[in-house]
Every structure is written in C-alpha cells, then in structure tokens.
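Each structure below appears as structure tokens.
Below, chain A partners chain B and then partners chain C, in two separate complexes.
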Partner chain A sequence: MTVLTQSRKPRFAAETMTPYTFITPAILVMLGGLLYPVFMAFYLSFYDWEIGRDLAKAPFLGVDNFVRMVQDPQVWEVLWVTLRFGFWTITIEMTLGVALALLLEKPIRGASIFRTIFILPLMVSPVVVGLIWRYLFDARIGWINYYLGAFFGIEPQVWLGDADLAFFAIVFTDIWQWTPFIFIIVIAGLQALPSEVVEASTIDGANWYQQIFLVKLPMIKSILIIALLMRLIDVFRGLEVMLIMTGGGPGRSTELLSLHIYNRAFDTQQLGYASAISVLLILIVFAISTAILTMANPMKSKSDV
Partner chain B sequence: MNDTFQRQLYHYTALIFLALIALAPIWVMIATSFKNDVLVQDGTPLWFFFHPTLENYEYILTRGKFDRYLTNSVIVAVSSTIITLLLGGFCAYALARLDFKGRALMANSTLLVRMVPPAVLAVPAFAFVTLTGVDSDLAVLTFFYTALNLPFAIWLLFGFYKQIPVELEEAAIVDGASPLQVFFKVLFPLMTSGYAVAAIFTFRIAWNEFILALLLTGRTTRTLPVGAAGFITDTGIEWGRIMAMGTLIVIPPLLFTFFAARQIIAGMTAGAVKG
Partner chain C sequence: MKHVLKKGLLSMGALAFITAAAFANPYEKYEGTTIVVSWPALSHFKKAEELVAEFTEETGIEVEIDALQYLKLRDRQLLEMSKDEGEYDVVSWVVMWKGEYVSKGLLTPLSQFYTSGSLVDPNYDLDDIADAYLQNGGIVGGKKGYMPGKSGAMYGVPFGAETSILAYRKDIFEEQGLKVPETYDELRDVMQKLHEAGIPALTSRGKTGHQITAAWLLHLAPLGGKIFDDQWNPVINSPEAVEAAQVLREVAQTGPKGIPTFGFGEAAAAFLQGEAAMHLDTLKIAAMSRDPKLSKIDGKVGYALHPVGSRCGSETGGFAAGIPANAPNKEAAFLFLQYITSKAGDQRMVELGGDPVRISTLENNADKFDEYAVVAEQLPCADPDWRPLIPEWNELNIDVLGQALTEVITTDKPIQPIMDAANEKARAIMEREGYYLWQ
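Then we have the complex of A and B:
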C-alpha cells in the first residue's frame, strides 16, 4: 500500500495526458483521410484543372466554377434525378420496412434464420448488386422480361435503354438492397418497447390500427427519424450501382449527383468543376447531418446516462 | 388454437416470400456462374436443373489475375480493419470514459465526418496520386479505408463501452492499474462482441469499396471489385465469368453474416435503438 502514495503524482500526470494520447491517432487519420480531401475539394473548386495538366499551372478561376454550376442545366437535372430517386426509394423503403416489421415483430420460431436472410442483401458489394440487376434487367437474356412475358404476357422491354424504365430499375434495385435495413432497425426498436405499454393499450380497448399508429409508431419515433435521415444521406453517397447498371444513362435519367461528380471528373476530365459540384454535395450532406445531430444525437443522449 | 395456427401460417408464408425475394437475385448470380455460355445466352431461367460447369471459375482462377486481386483485397481489408479497431477502440474509450476538453466537439465532429460522401474524396484522392506519384500503393488505400471506417467504428464502440459499468474500472484503478492496463486487461475481454461487430462492418466496407480502389490502384494493386468491373467491356459482358467473380467476392461477407448475424443486428441497431 506504500505504492499508492508513491505513485500519486505520476498518476495525476497520466490522467491529464491520456485522453489526448487515446484520441490523437484516430484524429490524425481522420484529418488526413477525410478532412484534408474535403478541404482539397474546396481548394480545387477555384481552379480550372484538367486531367493531364500540371496542377501548379492550372488557372485560378475564383468563383467561376460556382457561377457555372448554378447556370448549368445538367447540375439541376441530376439534382432533380437525385431528389426523385430519394423520394421514391425512401418512401417505399420506409413504408415497406415498417409494414414488414409490424407484421413480423412477434417472436416466432426461426426468427433468427429469417433475420439472417434479410440482412444478406445489405452485405452484397454495390458493384456485385449492380452486376446482378443489370443481368436481371437485360433486354434479351434478363429473367425479368422472361417472367413478365411468361406470367403476364408483357412484351420484352429494353429496361436499361429507356429513360423512365431505367429510372424504375435503379429505384427497384435500391429497394431490394435497403428495405432490409429499415426492417431490421424498426423491428429491433419495436422489440425494445416495454410490453406493459402495449398491453395497457389493449386493455384500454385500442384496436389494431390505434395500437400501431397511436401507440407503437409514436414510441419509436426517434428510431424512425434516424433511419430516415441515414437513408437520406445514403442517397447522396452511393454511385457504384448506377455506374455499373447504366453509367447514368440513358441521357442523364439515372445519373445521381455523386455519379455526376465522378463522370465530370473522370469522363469529361474537368476536375476543378467536379470539385465545385463536390462542394455542393458536401453542403447538402452537411445540412442533413446537422439535422440528425439536432434531432437525435446518439452520442449526446448516451453520455447523459 | 385454430386461430393461432392460421396466424402462424400467415406469418410464415409472408416470411418465406420475403426471404425468397431477398435470396433470389443472389441465387441467380450463383446459378449463372455455373452455366456455360450457351445456357447463359439462352435467356430461359433455369434455377436448379442444368448441368453445372466449372469452366467460368476455371477461367477466372487460371486466366484472370484473380489470385492477385484476392491477395490485394485481403491485405487492404484485413490491415485497415485491424488499424481501425485499434485506433477507433482507443478513441471510443476516451470519449465514453474520460473527461477532457473538447470531448463534446470531438464526439459531434466524429458523427459529421462519418457522412462524407466517397464521391467527394474521389478528385482529391486522384490529385494526391498525381501530385505525389505514390500510385498503386496498397498502403494509401488502407489509409483511406481506415479514415472512412473510423467514424463508424468509434460511434459503435462508444456505445459498447458505455454499457460496461464504471465500477469495474474504478476497482482496477484502486488496485493500481494504469490506464493502458485497464484498457487491455479489464475492458478488452468485455468488449469482444463489440469489436467483432466493428470488425465485420469495417471489413465489409473495405472489401466491397469500388471508387477509391479504382482511382488509387494500378495494374498490380487492383482489388476484387475493380477486377470484376474490368470484365465489363464495350463489346459486351461475359456474364458467366463475371457472375463467377461476383460469387467469389460475395462469399466472405456472406459467411460473416451467417456466423455473426446476431451481433450484426445488435451493432446495426445499437446506435439507433439506444439513442
């Protein structure tokens, strides 16, 4: 026990030191790998830099790239595509996911097997998801045309070659991959509900409809908001599936904002202009993220416990 | 009795139907990977009953550079997972347990950087490669994946650390343990499931990522998704071969899912449900 008094002073030093030694390595990596690129995108957005040209000799444009962006009908077009895509996928995924969770929340035999199966689409690489659905939607050998013809007598469609049908195809693919995400989050939330409340509402004579819309869903409101906002951000993150399935075409019917940045940078090779659009993307995602932090901050509420 | 039976039947029918929708596309890929070119081009769906051939796999494993892609993918995914868990574990512990100046700011900005869209990283990553000339270096890719995964790992592990009673640490400190001893000897054994979940998610992102891998790798450092996308050419797609490649890519994440589904669901919902 003499050790205790002896080590008092060094331990005080250690206690003021350690928090920063614990967090510094992670901060450095995030600064270098995430924040520096974000600032680099800001920086590049003021230059006219093309692939193959020396960055040091790239002309400084000031805010010209941003002026051009605001006046660029293509940017508004892909923004509109992105919003439509987000609207349809998120509306359908939230509705379907919540409906399925309500349908299947009862603990039943084999529940874990079914849950395992339901998270499989989430684990498939976006590149592979794009490949699988490009094959299924193929006009000539795709299985979708085959079954639509065999069961409903529908003529074969050139799914990925028609603007409206291609848009439908990427929405459908997204729903396949992401409805499970909503489903699992909601079902976990429902099962975490205290059973007394639900029982009490039954005793009070609430019917099936009232129980769902007046008791259960309001109680998992914060979970629903987080799931919604996470999906909202994902709409502005992904591009691989569309890149593989359609490349953004036909026209720009399936070109989401992220994919547009990629195509601008590496297809039309305008890196500076692509960076300006990146800044727009950052601002949009930042606004949504701030909404998440204000409405439901998991770290804050947990540290209050 | 009859009523519950009917309800169960209803439930199971719905569940099986959904399971089929979730599985069918994955199965289509696997089945197609075992078909020869004639069957693939036929366009008549054959789910099970055909004479399976290994020629697609044989081609990919012998004629393609599959072994190289695989090695690269394993190196990048495994090393970025290990580094992410190590650095993220330290950081999450400090955020969950230690009081220090800037803690709240740190917690909030961690959540914010989690939202950075990979498309935003594309041009700067390309700029980095052209400016420094460190093209085709797996270390660079590992670094970016670690940065991409750290915010999520910290967020996840934070929740797990919060669940451990503080008294355990206090007792250890009273007994004279140093912070590092507390971290490794007292807490780590209690955190294994948390680290397992974080590992699965980190691995999954690093294993599946495409855009940064495409931009940051060269001929010798390509990863599996980049290799697979390389099969798409202007002259058409060799579906049998590309499906074989896709099947091989999907195997590790699917195996993980089967072995750790319970943990994955816990991890996926940890933040949302406890918030």
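Then we have the complex of A and C:
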C-alpha cells in the first residue's frame, strides 16, 4: 500500500484567507438581506400584528397561527391550486422548451431571428404580462374571443370569470412567458456540447432519437435540473400575473400560495398569520430544492466518493 | 386725563386689533407650507386637482398629491400613518376603512379644528353637508362603533362621497316600451324582458372579493337585509340576504357577458359603451356618461331612484378625508380640507365635473344636471349603515362574502347552503375577534 503525502499550506495562511476577506462584505450584505426578512417572517408568525399597530405591543400567540394554518381549508385549497398550476406549467414548459431548443440548435436560416422573437416574452415585466393577457382574455373586448368567433365560430367565453377557464388562462399565460426561459437555457447547453461526442455518436450509427435521448439530453442533465428548480421556485414565489389577471378568482380557482399570503397580509391585515403561511412556503421551497439537488446533484461525481 | 387717554388708546388699539383680525388672512401664517395629500386616482379627484391649484394660488400653501389606485391606498396610508413622523398631512379613505384607522389611533379628531376660531370659517355650514355622507365617511363611535351617538366623534369630511341611483338607457326603454323600475319586483321583471329581447339588462360588479360583495350589498339594504343583528350575530343567511343573492345571480344571468370579472370600472365601461341597458351603482356614472372620452351614450341616459324593496335604501360610499395623527402640518391640512369642502369649493367641484357633497350645491345645480334632483331625493333614503364599518369588515367583505357570492353567480348551486356556510365562517371570525365575550 502506498501512502501519498502532500505538503499542505497552513489552514489560515494569508494567501488562503485573501479570497474570503474579499467576499466577506458581499456575504454579509447577502445574508443580511436574506436572513432578516426570513427571521422577521418567523418572528411575526408568533404574533398577532397588523400594519398600523405597534409591533412591540402585538399579542404573542405562540404556535396559534400555525395551528390555525393547519386547520384552515383555504391554505390547503390554494396549495392544491399551486401544485396543479406547477404541474401543468412546468411539464409543458419543459417539454416545449426542450423541443424547440432541439429544433433550433442547428444553424438553419432565420433561426437567430426566431430566437430573438421567441425570447421577447422574457423581457416583459410580469405586471405588463398580466395586463396584456387580462385584456386579451377579456370577455367583452378581448382579441381571443374575437378571433375564436371570427375563424371558428366559437361563442364568446368569459375566460377569467369561470373557474376552469381562468385556470387554463393563467397556465397558458405562464407557458407563454416562461417557455422561452427553458428554451434559452437548454439551447445554450446544447450549443456548448463538445461536437466530437455528437459526431462520434453519428459515426457509431446512432439515429436521431438515440442522439437526443441517449447522448444530448443526458449530457445537459445538470442544466435541465437547474431550469426545473428555478421554475419550481418561481411557481411558489410568483404572484404578479395572477394578481393582475384574476386577483385569484373566480373564487380561489387561480389563487396561488404566494397570492394567498399577499391577500392575507394586505387585504385582511393578518400579518402574523400571513407570516406563518410564508414560513410554510419557505419550508416547501427549501424541501423541494433540497430534494431535487440531492437526487440529481450535478456537481457530484463518483470521484468525490 | 392721562388715564382717559390711555383708556382711549387702548380701546382704539383693541378695535384696530379686532378689525385687523376680522380682515386678516387666515392662511397667511401657513404661506409657504407644503402639505402632502394621499388620495385615489379616480375621476372626482383628478378633477379636484384644478381646485387644489386654485387653493395654492389663493393661500400660498403648496399641495403635493400622491394619487394611487383606490384599493391600494390603504396599504400605503397604513404604512405611512404608523410611522412616528408621517409624510401625509391629508389622507382620503374609502369609507369602510375609517373604523380601522381610528381604532389604531391613526387619525386626528377634527373637533379641535372646528372649535378653533382662528381656523374655522364661520360660513362653512357643516349642517349643509349631506348627513348620510357625514355619518358614513366621517364619524366614528356610537353604539355600533362606526356611527353617530353619544361616543361618536368626527374624524373626516366627505369628499368624493356617493350614493346609488339607477341609470338607464332612455332610448332602449322607449324602444322596448318598458317602464323605468321603481321596485325590485319591477326591476327583476324588466331584466327578464330585456334579456328575452336579446339586450343585456343590468351591468354589475362581480369580481371575486370586495367588488362582488359591494354589488350584493346594493340589493341587500333595500330588500330589508343586514349583515349583523343587534348582538353582532351574522345574519347573511337570512331570507332577505338569500333573496339579494338571488337578485345578483339574475343580474349576472341577464346582464352583459363577463360580470364575474367586472370591478366598478369594467361594469361602468359596459354601460358607457352601450352594452347594458341599466347601471345600478354609484351616482358617479352620471359624470362619466357625459365624458366623451369614456362614453358612447351621452344624452341617452336617464336617472331614477334606487328601486325600493321592502324599504327604500341606497348605498353610501366613496371617500372622506381627514388628517393623520402623525401629520406634520395639521392646521394647514385642516384649512385645505375646509377649502375643498366649503360651499364655494363644492360648487367649483361641480363646475370641474366632480360630485358635490352639499345639499345646497345639489339644489342650486339641479337644472344643469339631470341626476342632481334624483340624488337630492335619494339622499334621505341613503343608508349609512348599509354595511358594518368595523375593522373585521375587510375580512368578511373579501374573504367570506367575496368568495360565497362568486359561487352564487358562477354556479347553479342552491343559494341557501352557500350563504349558511358563509354565515358560519363570519360567526367564527367574530368569535375569534372577541365579539361574544360579553354574551
């Protein structure tokens, strides 16, 4: 058995510590900006506090807000809406985004123009996206009803006033805005693939299907996971589009968890209770992110073991 | 002699002082002060901007306006008023927030200004302001906590206040040979006939939350219903409340397409664009129908009293304005409030296209605007207690009724169980807030 020895620098040598010294201020600012709101959410979740009242005099409730949350059917209702919304949007966005990236990765004529047009929705602010689609889906003046009527003879629908149609409308809008995000990430990954590997697989006789599913997609697996993770976090975080398009209605058919927290905090002024639900949201996002990263750690390799 | 001279001089001095005081400019002391006003970005307030400019010109008091979408005002105002030193000198609130603002100690009682000889204009005449508006938007206390009474106190002055009237298309009613409805039975009959003739009948708010509850409340008061009995027990599943929900369902079924998505703006737009035969909501529709930028139906609109159910009753809503407890320039703020709601200010608002709050203004201008005579006749019936203005109302309004009523108009489910469930939720909220501790 050979024992390898290696000369090591002292752990706290100036040379080793320099990079840490430089990044410390950035880390402190980031931790302050991140930890303070999280800490406040935890803190407020134990109190009955409303904006306009002195926080120091807010009644301490212990875990009452959490007990109420667990017993509150509204929370489970909006969580279910969020999960359904996440399932449909992410499944379709991932499929469409990857498919389009595979179609457009080759330098075909007009591909760059198409790519530019295609990523335009990403550049629009969510507030504007909400407004645009609210008017497009409008029952009275919306283009969607107009064209469905003009070309297909379909009766005007009250898109945002019917629970099922409104859910479809927000899913559709999300797909419209975020498929380009998946597309742009995946196409960047595909174009960064070493051409030798792809060429080698061609020489080895791999057909189109084998090239995609056995060579290209496995090689960009880590990129796909990052894209999936970012969209999942966005689904739990985002509220602007729903707030503007439907306000969460009709009923709670389009009320996502984050919008429910917003409504609780600002419409019904229950900051403590809203904070308790925020804690739930933080835990869900943390659990999902950890699970995905653990199951498919892109940085992990056998050599680390 | 010396004594007499001294006495004479003193008398002359006193007279000169009194004369000077009588002709003194009450605004002089505040010249150069800048007050900050938070109010909604709504038509009446946009029109008031010219009056504000005239106020500055006349008084030397500068006014900075922070105008926001009206349902967003509350968050901003609450945040600003809960600081030790706020930026706002005047805030204008939707009447349903007054109880919350006062219970949190965020507003200044106005009695201290109305009893100050140097600030109050002797010609102001508070009694001339429509009583229902004053009670609804400005007074907090009394037996219910949001009305006049022995513990009632004034915190705000109505500005941009409103009641409901029926606006209808004269041309459509004439073509169809219909009589303008005076009762709820007649209204439902007319809605049905218009629907059968292929004409969308009555437009309405219907969007989940505050908007749909406001639409239902419009029918609840005249149909004899209320939200609570005298012991704060919710009675939103009473026969009257269920009937009001039934009316709302019929409105959605016979009205223009899209009512479940309509807020006030969309409902009004449907009427103003000629897509509905009637509009039963705030009187603000009258000024909007005259505005060529908004309306295709100018000259075709008639106005009538809010139909009567088991009693006459119309909403009282809109806005009142007051002074935050942490306002830096309270006296100048009061002078501003007094100016814009004075007789001259109210008249000027009419000339600018806004809505008056004074009975004398309505009467003096009745020949100029068709709706003014109707409004003056409607105001004695306007019900300042048509909805409870308690801090818990926001949750009941948005979270309980706002959800239940959406179910009423978007499904065919029986209404009674929906309202029973809402009643239970409302009771749980009241219980949580400690309303039954004394029972």
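Just a few scattered comments:
Throughout what follows, the second predicted complex is superposed on the first by the 255 of 305 C-alpha atoms of A that agree within 3 Å, B and C clash if a C-alpha of one lies under 4 Å from a C-alpha of the other, contacts with A are read in each partner's own complex, and residues count from 1 in each chain.
Criterion: a residue touches a chain if its C-beta (ideal position, glycine included) is under 8 Å from a C-beta of that chain, and two chains touch if they have at least 3 such contacts.
All of these numbers come straight from a predicted model, not from anything done at the bench.
When the two structures are aligned on the shared chain, A:Gly161 is found in touch with chain C, with no touch to chain B. Using the contact criterion defined above for the overlaid structures, shared-chain residue A:Val171 touches neither chain B nor chain C, since it reaches no partner. By the document's definition of touching, neither partner reaches A:Leu61: not chain B, not chain C. When both complexes are overlaid on chain A, the residue A:Leu131 reaches chain B alone and has no touch with chain C. Within the superposed three-chain model, A:Arg140 lies in touch with chain B and with chain C [touch as defined at top]. Judged by the touch definition given at the top, the superposed model places A:Val98 against neither chain B nor chain C.
In the superposed pair of complexes, A:Val81 makes contact with neither chain B nor chain C.
In the superposed model, A:Ala276 lies in contact with neither chain B nor chain C.
After superposition on the shared chain, chain A has more residues touched by B, the comparison being chain B against chain C.
Put simply, chain A uses residues 140, 266 to touch chain B in one complex and chain C in the other.
Per the touch definition, chain B reaches chain A in the complex via residues 8, 11-12, 14-15, 18-19, 21-23, 25-26, 28-29, 32, 40-45, 83, 87-88, 90-91, 93-96, 98-100, 103-104, 106-108, 110-113, 115-128, 130-131, 143-144, 146-148, 150-151, 154-155, 158-159, 162, 176, 178-179, 204, 207-208, 210-211, 215, 225, 228-229, 232, 237, 239, 242-243, 246, 249-250, 253-254, 256-258, 261-262, 264-265, 268-269, 271-275.
Chain C meets chain A in the complex at residues 74-75, 78-79, 81-82, 100-101, 104, 106, 206-209, 256-261, 266, 269-270, 273, 275, 391, 394-395, 398-399, 403, 406-407, 410. Residues 50-53, 74, 138-140, 156, 158, 160-163, 246-252, 263, 266-270 of chain A are the ones that touch chain C when the two sit in their complex. Across the interface of their complex, chain B is touched by residues 3-4, 7, 14-15, 18-20, 22-23, 25-27, 29-30, 32-38, 40-41, 44, 55, 100, 103-104, 106, 108, 110, 112, 114-121, 123-128, 131-136, 140-143, 145-147, 176, 180-181, 184-185, 188-189, 192, 222-223, 226-227, 233, 236-237, 239-240, 243-244, 257-259, 261-262, 265-266, 271, 274-275, 278, 281-282, 285-286, 288-290, 292-293, 296-303, 305 of chain A.
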